Amino acid sequence: METVLAVVVGTLFAVGTYLILRRSLVKLLLGLLLMAHGANLLLFTLSGLRRGAPPLIGPDGGQETYADPLPQALILTALVIGFSLMAFTLVLAYRADQVVGTDDLQRLETTDR
Amino acid sequence: MLIIALFSAFLLALVTLPAYRWLGQRATWLLSAATAVLFGWFLWQAPAVSTGHVLSVTYPWIPRLNAAFALRLDGLSLLFALLVTGIGALIILYGGYYLGDDADLSRFQSYMFLFMGSMLGVVLADDLVTLFVFWELTSVSSYLLIGFRHEDEKARYGALKALLITGGGGLAMLAGLVMLGMAGGSFRIGELITQTALSTHPLYTAFVLLILLGAFTKSAQVPFHIWLPDAMTAPTPASGYLHSATMVKAGIYLLARLQPALGGTDLWHLVVGIVGLVTMLLAAYLAFGQNDLKALLAYTTISSLGWAVALIGIGSSLALKAAMVVIVAHSVYKAALFLLVGIVEHETGTRDLRQLGGLARVLPVTAVVAALVTMSMAGLPPLFGFLAKETLFETALTATPAVLPALWVAGAAFVMAIFAVAYSLLFYFGVFFGSDAPSFDEVHEPAWPMLLGPAILAALSVLLAFPPLRTASTELLAAAASQSYGDAVSVSLALWHGITTPLLMTIAAVASGVVLWAVRKPVRRWQAGAIARIRLDVLYDGSITLLNRLATGLTARFQTGTLSDYLLMILGAMIVLVSYAMITGSGTITVSTSLAGIPTFELLAAVLMILSAVAVAGTSTRLGAIAALGVVGFFMTLFFVIYSGPDLALTQLMVETLTVILLLLVFYFLPRVFEDRSTRLARFRDIAIAAGVGTLVTLLTLMVSPLEGGVVASQSEGLTVSEFFLQQSVPAAFGENVVNVILVDFRALDTLGEITVLVIAVLGAYALVKLRLSDDHDAEDGS
Amino acid sequence: MVRSFLLNIFLALVWTFLQGELQGSNFALGLVLGYLVIALSQQVLGASAYVRKVGQVMRFLLFAIWEIFTASLALAWLIMQPRLRLRPGIVAIPLDAETDMEIVAVSSLITLSPGTMSLDVSTDRRTLYVHTIDLGDPDAFRREIKEGLERQVLEVMR
Amino acid sequence: MSEALDVALVLLTVSMGLCIVRLWRGPSLPDRVVALDQIGIHVVALSAVYSIQVGELVFLDVAVVTGLLAFIATVAFARYLEQGQDI
Amino acid sequence: MSIREWTVLALVFFGTFFMLVAAFGLNRMPDLYTRMHGAAKSTTLGITAIMMAAALYFLNSAAVMRAILVIVFFFLTAPVATHVLARAAYFRRVPRWEGTTVDELLGRYDRASHVLESRQEGDISDG
Amino acid sequence: MTHHLVLPLIIPLVTGALVILAGRRRLAARAITFVGMTTDLVYALYLLWLVWNEGIQVSALGDWPLPFGIALTVDLLSATMLVLAALMGWVVLLFTFVTIDPERERFGFYALYQFLILGVSGAFLTGDLFNLYVWFEVMLISSFGLMTLGGERDQLEGGLKYVVINLVSSTFFLIAVGLLYGATGTLNMAHLATILAEAESTRLISALAMLFLLTFGIKAAIFPLFFWLPASYHTPPAAVTALFGGLLTKVGVYAMFRVFTLFFVEQPPYIHTLLLILAGLTMVVGVLGAIAQNNVRRILSFHIISQIGYMIMGLGLAGVLGLAGGIFYVIHHIIVKTSLLMIGGALEEISGTGDLKHMGGQLRERPWLAFLFLLAALSLAGIPPLSGFFSKLTLLSAALDQEQYAIAAVSLGVSVLTLFSMTKIWAEVFWKAAPLPAPSPAAEPAPAAVAPYWNLVAPAAILVTLSLLLGLGAGPALEFASAAATQLSVPAEYVQAVFGIQ
């Protein structure tokens, strides 16, 4: 299954990459979100996929094997961080569009010239 | 004491500003006197130093680089130090009156002292790093002085040109010096000049050439001489001081200083000798073609510098003696000439040869003084300049190395001498005599302190040629030359040796020079065309233009302003670097293509997830794309559920939903255009990049996953990190949900950061929405 | 009514404590038992709106589940036909329901029942627009809804 | 039991796939929103069945939350639709 | 397998079946409004069945509570969601299937103010 | 075990929180921030003293045994960077008080400022890779906030590019961390060092090293990854640019130093050559960019890139001398660049524009500012006896010592170009006569910043003095940098410190 998920991760990155290379602000944002998904899923894939073994230790001590809890904790942190960043970016995109008046990224070039 | 002497100059630079504010013009005298005291102190050291005594001080500075703050006063340093302080004292005085009514006088004098200190530092340094520090400082002070009239664009141009050429050469030299220091195992000049094996070092050619580059740019040797004429935009005292008497001699000083260590090889003889000779000749020729008096003097300066350089290139004891003589002679008469030109310009308002003439009538004293120094420049007896030329001829005829045939040297010297006579006549008669002179009736002699400097220097030009000053100076010159030669050099100077070849050459040169002057009009007219053709400045200007164009072009290519381009380059770099690492590295990638054991519905879900991801890019509507994104999020959740990450699934859902809602809110305001605006080609390119990134990420994931079973055990307790968490969660941290325990206990710091990020994001977004310092594009949207 | 409800909660809590374990299941059981106690004691204490209401709600729920069950079956049947036999239409139904709660309940239940789906309520809240899959006579349909479904809902709600 | 549940999971996934087909085809926006809503509900179902299969109660929580959020998302979409943005 | 497990399985498949029905409906029906019929009813039933299965399988209060929560929630939200969506769709003039026979809603929306008129008295042919 | 190591995190965090609580009360916010920043500076200095005397300091948070918990690890490099961060924070704060507009102050400027310091300090402190990611994000999001605070058009436009590229970089950072954890099973840097020291150089490890190079390269703005910087750095208020220019990219540089000396040593084998190539390109492209600009802060922004090249050159040269040169350069650059950006900002405030065409005459108007600028500019270009020269000299010596002549030549050539470009500002702003009646839009008297001239100059003066002292005291400074470099070049010491605390 790791192989399959690796392909999924790759696809997420590929589509994300394609989208962030578009000229539209909206697609850019979507691409960033897809890449964030890809990154999280990648971490998850690496954690060693185990079915039905959530890292919850019952009062009786529980099973012998659990899913690796650390990557899960990392993803959890990354999820929230990623969300915060995305939320900010969305607001920024909204404001930028409002002030600049276009969502065509090729026209957002005044600061570089 | 040496240190105090050195830093007193810098101190004076600081004192200048308040001094002028409090004392007015009296400060000029005070400062000049202070400089004279400095001169006196150096002079006082002369007897001891002439006998070979060396004063030196060393402080460790950068032990890690073997660099020390080391000073050394020997014959060579002393000679230069005397020139710097002696001429300095006169020029400070002169400058105080020359710029008497200028509001920026104090600033000017301050720069002059800054230069003086730096130049003293150069000549006193006993350590290559110390030397270089002061070397660059002279460039900076020169920059400030050339650009002193900074509202004038030409001044700025000249200043930059000088700085770039000398500064650039200086940096090349730095590389050479560092290599030299490494080759010689020390940065101490005193130690390096005693070494003999340097010329066989494998890097010899490299560091010699680099150091020469520094010296040549500083001393305005062809083809780097182009900055000096433009540097004439500096106020005249500065031109006389820096760009004639002292700073431009820094390169010569360096060559003379390092001659014992680096000289004696064919490379040295050839490069230094040829460059010197060419400079000497070319500049003399060009000088004759000038109309601007300062430009004329600038070219004669270059010529004389070439003269000294050529002598150092020859490198025999006689040659070095001749070099010392010409250095002193030139400094004395050329400084005076500049000051005189300054007077002329100060009084008449012009320094164009074509507008001047007949000034001997209104400026008699000036004319007399000028006559003396011009004669010295022309190399006429009984002046010190004559001695310089005699020794040059003598050297050319007797003591040249094999690679520099005597005929070349003698021929070049002779031709130069002809031009020297011719341009001297051109200068003197053009300014002070001439029938077509316009009337300068209102012109009068300058304030006497302005004449004092030139007069003293003119007197010196005479007196140095006769005892007792001649004998006194020979000792010093001998000491200097022997430092440069690396062995004792005996110096005896006399005006009359009998009828010798050099004397005959001088007579012939003077005669030819007079003839040349007589036919000056056609010659100069012809030159005007020729000069236009061989201006090397085109090279400089061209390269600056080219540089600017290159910079603009290149930057426009990189910094296109389009985010997609930036991302393209970044992702391209990623693909190149990572795939190169993958291709060249060793190790296997295990790809299990077997799908056995994978539940069908998981496969299906994976396929569907891929489809929805593609759908995000493929749908033609924004909402469709968001919906597809939402589906991708649902599948993420699903996989988190399947592979035992309930907390992840919950958080993912929450985040996903919030994101989707935010997206909707934001998109409500965004324009509706959603079609792809890129060209077909761009799309293909992007697909290729995307495929590359996707493939790499997949491969990376695949490469890591097989290791999963064999995660390296940690050092303590034989546990892997996750085993530790699972084991310790309940007993040590009293939590059953290990993920939670990690978040709030084992790795609480991450969580702290995470929460902070959330808070900041809210803060930032709030401010972004609320605080609007600029007018919005659409006012109605601002509600 | 509120008092009865609080009484029920109280009884449930008492039950939970008697059981000694503070668990949801015990509390739920307590709720049921408490309700039964109140329902039985109403013979003694007189009729309580609370008991009636709960009973009505239960019936209503059962009705709703039944509606949705039949609706789904009908749909399943429809889908499985090789040719879809559809006669969709949008019908306006005047509402007797007055309060927001009532309107929501009516419109929700319409959505959950076979072949109908409420589209929108007019701004003056007097008309409900319903989409139906198999429309014969609009007026017959109107009548059917009003007399069947709406009345049943309003009975429960009032 | 587990094998049988596997079958159920597959069926649910297929069903979800059908919803994705609708999501892809549209044609109107509300069609897509309906499809998304359906997909959310499928996730609820899948989580619940999976929770039965592995015997882990926690995944029921996921089902609860998914249901809640799918609803919120749908309403949000609907609000957005009604604001009258064309596509 | 115990009877309980059989029951669980039966419920799961019952639910799955209706989920499938909804999904098929989503694809077979000709227009948005007819599609939504299936979505509203069948999935609610499907979820109900599956949640009941889960409750039965675990048979502890936590599971039962969650199941009830989900079921009640769906009963409450499914119609509401359908309702808001259908309304929005109609408002946006998502086209109806050409076979639609009667449309008494047509033309009653004020698109600017979002006001929906009531049915006029004259239209009511029968009380 | 030194638990007070968390103070550089706690102080800005608490200060930031207090500022938020202060709400819209500007003066309270100022006072709180100033006290917080000062405390931070004092502690950072103490920490540096401690590390200098007692070696690498480690604190395992929560007392969990390492490598399981998160370790804060401070070696000389970290301590130096902490001091610099605090110092820049402190000095720029003074500058902020003079130049910032009250509206921004009311909208959480100081809170964001403190959180930025928090993120930066965290990145310097931590000895855990994922934790580094977290602090990077804290730093990023606060910088996003600061960058766009005010919502002016240029800010938003530049900010968008800045944000997006950094988000991409963060994503790659995250997967790199994840992959490295997958490959080694640990996140603790010291632990990674021991594991990777034994591991053979596979294509996986090489590829991961490249990923880290890329992510940190983006933050550090090296050659093909720098585009966000010139697009955005000139857009926020001057104080923000000064703080960013001094600190942000250097966090990326620091991370590269850490990663490529501690656990990706010689991974992949060609890493040093690659770094040198990138360093050279960065220098050249950066300085050419600067030459192409005609706006004070844009020129300075491009110079940041160019200068980053020198730091990477130090890393690429490796060896104690090379690393020492790099560290020395970082120290020098942070000080000088911050001061230059403050001066540049002040000039823009005074002139009402940053466009060289519309500026001029400042040498007569503001001689002290001119003097400071000249010193700082010369220092940047590497003119002795200022700090820039000695750091370049060290790098040059290291390069020549290792017979890396190409990079030595490039570094010298770029120095000349830097000089060329800095004198452009000098000539246009200070030397050129003031343009005729200002055509700039800000025709009305420039903001209040003009009046208190001394306040405007003083912060830059502090830093320029520091640069001068660093130059004159180059010997001790280089000894210090060498000590830090020695620590870097012996990872075992770091590892020992981390695992020795139990």
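As written, the chain order gives the labels A, B, C, D, E and F, with residue 1 at the start of each chain.
In the analysis below, contacts are C-beta pairs under 8 Å (C-beta built on N, C-alpha and C of every residue); 3 or more make two chains touch, one makes a residue touch a chain.
No experiment lies behind these values; they were computed from the predicted model shown.
K.L.:
Touching chain C and chain E alike: which chains?
P.N.:
Touching chain C and chain E alike: no chains returned.
K.L.:
Counting one step per pair of touching chains, how few steps separate chain C from chain D?
P.N.:
Contact-graph shortest path, chain C to chain D, evaluates to 2.
K.L.:
By the touch rule set out at the top, what is the minimum number of steps from chain C to chain F?
P.N.:
Graph distance in the chain contact network comes out at 4.
K.L.:
Which chain's centre, taken as the mean of its Cα atoms, is farthest from the centre of chain C?
P.N.:
B
K.L.:
Farthest from chain D in C-alpha centre terms, which chain would that be?
P.N.:
B
K.L.:
Taking the mean of all protein CA atoms as the centre, name the chain whose own CA mean is closest to it.
P.N.:
The most central chain, going by mean C-alpha position, is F.
K.L.:
Have a look at D-E versus A-B and report the one with more C-beta pairs in contact.
P.N.:
Spelling it out, more C-beta pairs touch across A-B than across the other pair.
K.L.:
Could you state the distance in Å from the CA-based centre of chain B to that of chain F?
P.N.:
That pair's centroid distance is 25 Å.
K.L.:
Per the centroid of Cα atoms for each chain, what is the distance between chain B and chain E, given in Å?
P.N.:
Computed value for the inter-centroid distance: 79 Å.
K.L.:
In whole angstrom, what separates the CA-based centres of chain E and chain F?
P.N.:
Distance between chain centres, rounded to whole Å: 58 Å.
K.L.:
Centroid from C-alpha atoms only, then distance chain D to chain F, rounded to Å. What do you get?
P.N.:
Measuring from centre to centre gives 47 Å for this pair.
K.L.:
Which residues belonging to chain C are in contact with no fewer than two other chains?
P.N.:
If we look for residues of chain C contacting two or more partner chains, we find none.
K.L.:
Which residues of chain A are in contact with two or more other chains?
P.N.:
20, 25, 28, 38, 42, 46-47, 51-52, 54, 56, 70, 74, 77, 81-82, 84-86, 88, 92-93, 95, 99-100, 108, 110-112 - these are the residues of chain A that touch more than one other chain.
K.L.:
Among the residues of chain E, which ones contact at least 2 other chains?
P.N.:
Expected reply: 22, 24, 36, 46, 60, 62, 80, 86-87.
K.L.:
Mind listing each pair of touching chains for me?
P.N.:
So, checking each combination of chains, I get A-B, A-D, A-F, B-D, B-F, C-E, D-E as the touching pairs.
K.L.:
Spell out the part of chain E that touches chain C in their complex, as residue ranges.
P.N.:
On the chain E side, the touching residues are 17-18, 21-22, 24-25, 28-31, 33-34, 36-38, 40-42, 44-46, 48, 60-62, 64-65, 75-76, 78-80, 82-83, 86-87, 90, 96-97, 99-106, 108, 115-119, 123-126.
K.L.:
Could you pull out which chain B residues touch chain A in their complex?
P.N.:
Within the complex, chain B contacts chain A at residues 559-564, 567-568, 571, 591-593, 595, 598, 602-603, 606, 609-610, 613-614, 616-617, 622, 625-626, 629, 632-633, 636, 639-640, 642-648, 651-652, 655, 658-659, 662-663, 666-667, 669-671, 673-674, 676-678, 686-687, 689-691, 693-695, 697-698, 701-702, 704-705, 708-709, 721-722, 725-726, 729-730, 736-739, 742-743, 747, 750-751, 753-754, 757-758, 760-762, 764-765, 768-769, 774, 776-778, 781-782.
K.L.:
Across the complex, what residues on chain F touch chain B?
P.N.:
Touch list, chain F to chain B: 9, 13, 20, 61-62, 64-70, 101, 103-104, 107-108, 111-112, 115, 118, 122, 126, 130-131, 134-135, 137-138, 141-142, 144-145, 148-153, 160-161, 164-165, 168, 172, 175, 179, 182-187, 191, 194-195, 200-211, 213-214, 218, 224-225, 227-228, 230-231, 268, 270, 274, 285, 288-293, 302, 321, 324, 363, 378, 382-385, 389-390, 393-394, 396-397, 400-401, 408-409, 412-413, 415-417, 419-420, 423, 427, 430-433, 474-475, 478-479, 482, 499, 502.
K.L.:
Would you pull the chain A residues touching chain D in the complex into a rising list?
P.N.:
Residues in contact with chain D: 51-52, 54, 56.
K.L.:
What part of chain F is in contact with chain A in the complex they form?
P.N.:
Contact set of chain F toward chain A: 130, 133-134, 137, 140-141, 144-145, 148, 151-154, 156-161, 163-164, 167-168, 170-171, 174-175, 177-179, 181-182, 187, 230-232, 234-235.
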